[in-house]
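One structure is given below, encoded as structure tokens.
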């Protein structure tokens, strides 16, 4: 029935935590109820879809959650229905549970599923679409590495945390004539380091897209020191790497087999700077601080816009699409297209040029 | 000499305070010095240009100011060189001091003047251009009411203050079953109220662009009360007005001649809600809290981009232009064009629709 | 049965909002459950006690409320059981409803009632004790005006809000060469103005305990101006008054019968300073911002200590007592004694001397 | 000349960074100038005293620094005049430079030296006193581990940072059903972990004073999980250690010679919890975030009181004493006595009992 209105939608949040998830859920559920739709909250991402865990979401459930961090639905980094780990006799076997997912989708009488998530979530959503589910996407990544949208929600909040940390460390670095190295998120895309570093006045920004030369870093620190600025702040993305080296494997990475040496890139950078400049150097890894807490006003607004737009897309049966920010407006893009294009920092990007203009060193003399 | 490079620029900040001014100044001065330009900081806006008050700006002067509120150059709301009040025998006479401004501009050997300011500043800048000064503009308004740019710096910081205040008032309104009315800036444009209200979860948003009906407000408050939500938050722009009334004249406005009755629109709205719904109602006027303090990371980045872009425009002798945000890029627009088009909230705007979708009442049943 | 253990307690929150109320409730309920006690949450202060409105409080109800503002139990400024307004034929008559309160207390099988509140709440609690109820008090006032305890919870949070506001206003006052007048809470006691002003670097602090002279204020502002400090920050308690004048009656006070002229003391002070010094002056009234929002860590700790101490007092049947901070320890004091002694700022107080030492003017040349 | 007034004082800040240092400096310098004293700011702690680096401090130098982090005088962790490292032929030799320190003290015509610092600083100050210098102390430690004062400045700010971090991590732990381990400062004293953990609602607090048992930790995490609380927050002091183990030696500690294995106690705790409970566990080390940034209002007030009190002690020639908080008053104690008594967390302390009452586990079943 082409013209039949949808009556019931499901909603789930997948992947890592991100400030604004609850604002999206509220943005979906409130107008849905006004349209007469019922809303099913699927718990713990795709895990709930496979295992049939879900709760009805009423207005009272989404009231007062706009400013809260986390997600009332729970999330999970695991749980790909197409690659589902099952334990047999102490051995883990990967099976396909997508049929269970579909059975639940149908059993719950869902007319559409709104999937809020990143890369991984969208890839799974895309496969579920092939099986006949009606999917609307809401892009989620604090990394901001999606070509399809000018900005993703959560990114502004992560940048806020980084910027606030740099502010704090500035005073103490300055009082003690120290180099401070701050590791921020960004395995492949350096947006958090770039924007956080710009906002927090970092002197050196190291990102995965621009492999760095050790000498360029030492020179910058020493040059500042000689100008009487006896402190330097380095903002480094976790995925940054030297031009002649590999990405640092975390000490905690279960895959590593080599003798464990260093916790991460920040520790390595701090160690090398101290050795080569003889200046006292300290490091800090911001880690999950960047994913938690109340979203910034910017993210609350963007999340709310994404949520309300997504439910409209669902009502209009524009399945397979995703809400995206373009300039000052929300538009729709195809999920398929969106997941194909990652947005990385380009050295010709205005943000990079701006940073260069105010004296930021990217660890290379080439740009 | 068309091909001659510029050697010396002036910079001034005009109009009301705005978080990010210092970040712009830093964004201009640091690359200017790298290009070999000297930078003259003109004090207290156009007042300094007329009266010849200025200081050389070196790198050390703009170091560490990225995160600070206010402006190291000082500003002034007065000081239009073309309408300069002079006191003669106890009488104030308006004179034209633009010749003094030009004389100083020339005497200081300026090749260009970067004027950071709002509407008023840009109008004056435009007239000074006619006299032969080379002007580059940087748009400044916490109100965000400029068609030429997707967003102005300072707005995100103002919205942050509003959103944080609404968060605080929510808890106390909820505990005491109260209506809280919060007055925010916005004489003609409602962007701060709209974005701040959206981010802070306001139940009612009143803006100058949408004249409100009293009954619609009372009905919303009562409806919420009947649904068991014994509190409501109203976010009202200072310029909001009832459909059948005039803008409330502030008690402190020197121009008012009538018997003083009320301090502002928030007080009036609070009084009327309490009278008509019998619910305890309180109000607060956020006032200058919205203009002060450290800029948000978003504003620090945007300000820095505007500053570094402006000095490039100057170096390229693109006089008469202004830096503007379009999508994720900074571009240049003509000052003339920019000052002609104010950006007001339109009822068809996505932000308005989003707000409606999550249940916000705009004080009218028409939209 | 002297030796019989208590089995069931009630808890209520009375009076104005105060950050930390929920932390106290949690601090009472968690250990109570561990002791095997049941906890009844009485709603909306004494109103719930008279009208029989209450809910059972389980651990899940107090989980996650440590950091939240407001009170999950609701509160009410009205509701003195001994002076209860009842409407007969459009006329309000004051009646005694204490018998209803007692009947509910007994009907609910309460062994003790923990009353969290200020002055008013403690006076009522004291009278209810005479009727046979077992009361434990927890002192609550953001004003910090209680002799019996070194500090009350909520005060640190209020001071935080004031200090943050002064920080913001400093930058904008400084940029625009302005005087900024900030009105804070404190009708009879000036602690918020004193501590907030000290923390926020106010130049002038006006409190109820030290009637001020207008000339002393003008002189301070002018003296600063002549020293090149072209801005001044005034922090004024709502109850501050000139030495030769009355407390300013709020425009919104229903009791006032005179022609309404000014909104409050801040407006008056701002007006007079501008008239007498010719310096641009602005004012802001912080109002309920001081009562809302998440408590500071200091207040969360103090509230939790007060709560856990109160339930121990109840378990030990030390009825008629109240938790109080003395140095670094919580001790018990008698409610009766506590309500008799208000703690006002004394001119010989160290905080006053400290403020004087760093140049703060109290609006008088006498101290 | 017993009755001669002092005319000139020196001031220095020693040891690690601590929010409030600048507020103390301002609190000393402003009243000093009012008394007609001149103030010499000695740079980089005792290094400046030995090497003769100092600047005159005028009122303009201490204006506007109340709210800033760091110290305008610089500090240094090195620089004990009695154990001064000098390099001869590539070898470091320890020499005694106290004669240089005394020569500078006398050459600068100082009547007294105000030393702001912790343990180490006070020990050195005490030795300098024996040589004839007039010393007044101001105790500084974010660790709060000084018996002589109810609280030290900087501690409240450190607790604020910890509490805010726990708030952020709560939401993300809760959304993802994770255990989060947060390492905070405190090598010997657990006050930051205890107070920060209490304020941030930690489920488990591990401190140096209470050696922990692994099983008690696992049991608590599992117990919470079985009650449906699928996340836990662990707040661990850097000096916490298992009952049967040594303090974890940091990977970066130059003294360690064993094969490097783990970064710190948080990493170890996280690893063991994940292994033993099979629950996803993450950790973060807050590090220098706890030392930087603007002091909280509480610390600004306490610092200002300490500063103004110290200059009074100097004026009264009460040399060898230190400002200390006792209840709500500042009093003086002898430096000698103060440095002898460290204040550690005692299991009978009210804060510990309070934490136990609200369900906090200290990693042992013994208390």
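Labels for the chains are A, B, C and D, by order of writing; each one numbers its residues from 1.
The rule is simple: contacts are C-beta pairs under 8 Å (C-beta built on N, C-alpha and C of every residue); 3 or more make two chains touch, one makes a residue touch a chain.
Here the structure is a predicted model, which means the values were calculated and not measured.
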Greatest separation from chain B - chain, by CA centre: D
Distance between chain A and chain B based on Cα centroids, please, to the nearest Å. 32
Where the CA atoms of chain B average out and where those of chain C average out, how many Å apart are those spots? 35
For chain A and chain C, let me know how many angstrom lie between their CA-based centres, rounded off. 42
Residues of chain C touching at least two other chains: 167, 294
Could you tell me which shape the graph of touching chains takes: line, ring, star, complete or other? ring
Can you give me every chain pair that touches, using the contact definition above? A-B, A-D, B-C, C-D
Quick check: in the complex, which residue numbers of chain D touch chain C? 26-27, 30-31, 34, 63-64, 66-67, 150-151, 156, 159-160, 162-163, 167, 195-196, 198-201, 229, 294, 296-298, 300-301, 304-305, 308-309, 311, 326-330, 350-351, 353-354, 357-359
Could you pull out which chain C residues touch chain B in their complex? 13, 16-17, 21, 44, 68-71, 74-77, 161, 165, 167-177, 180, 251-252, 259-263, 267, 270-271, 282-289, 291-294
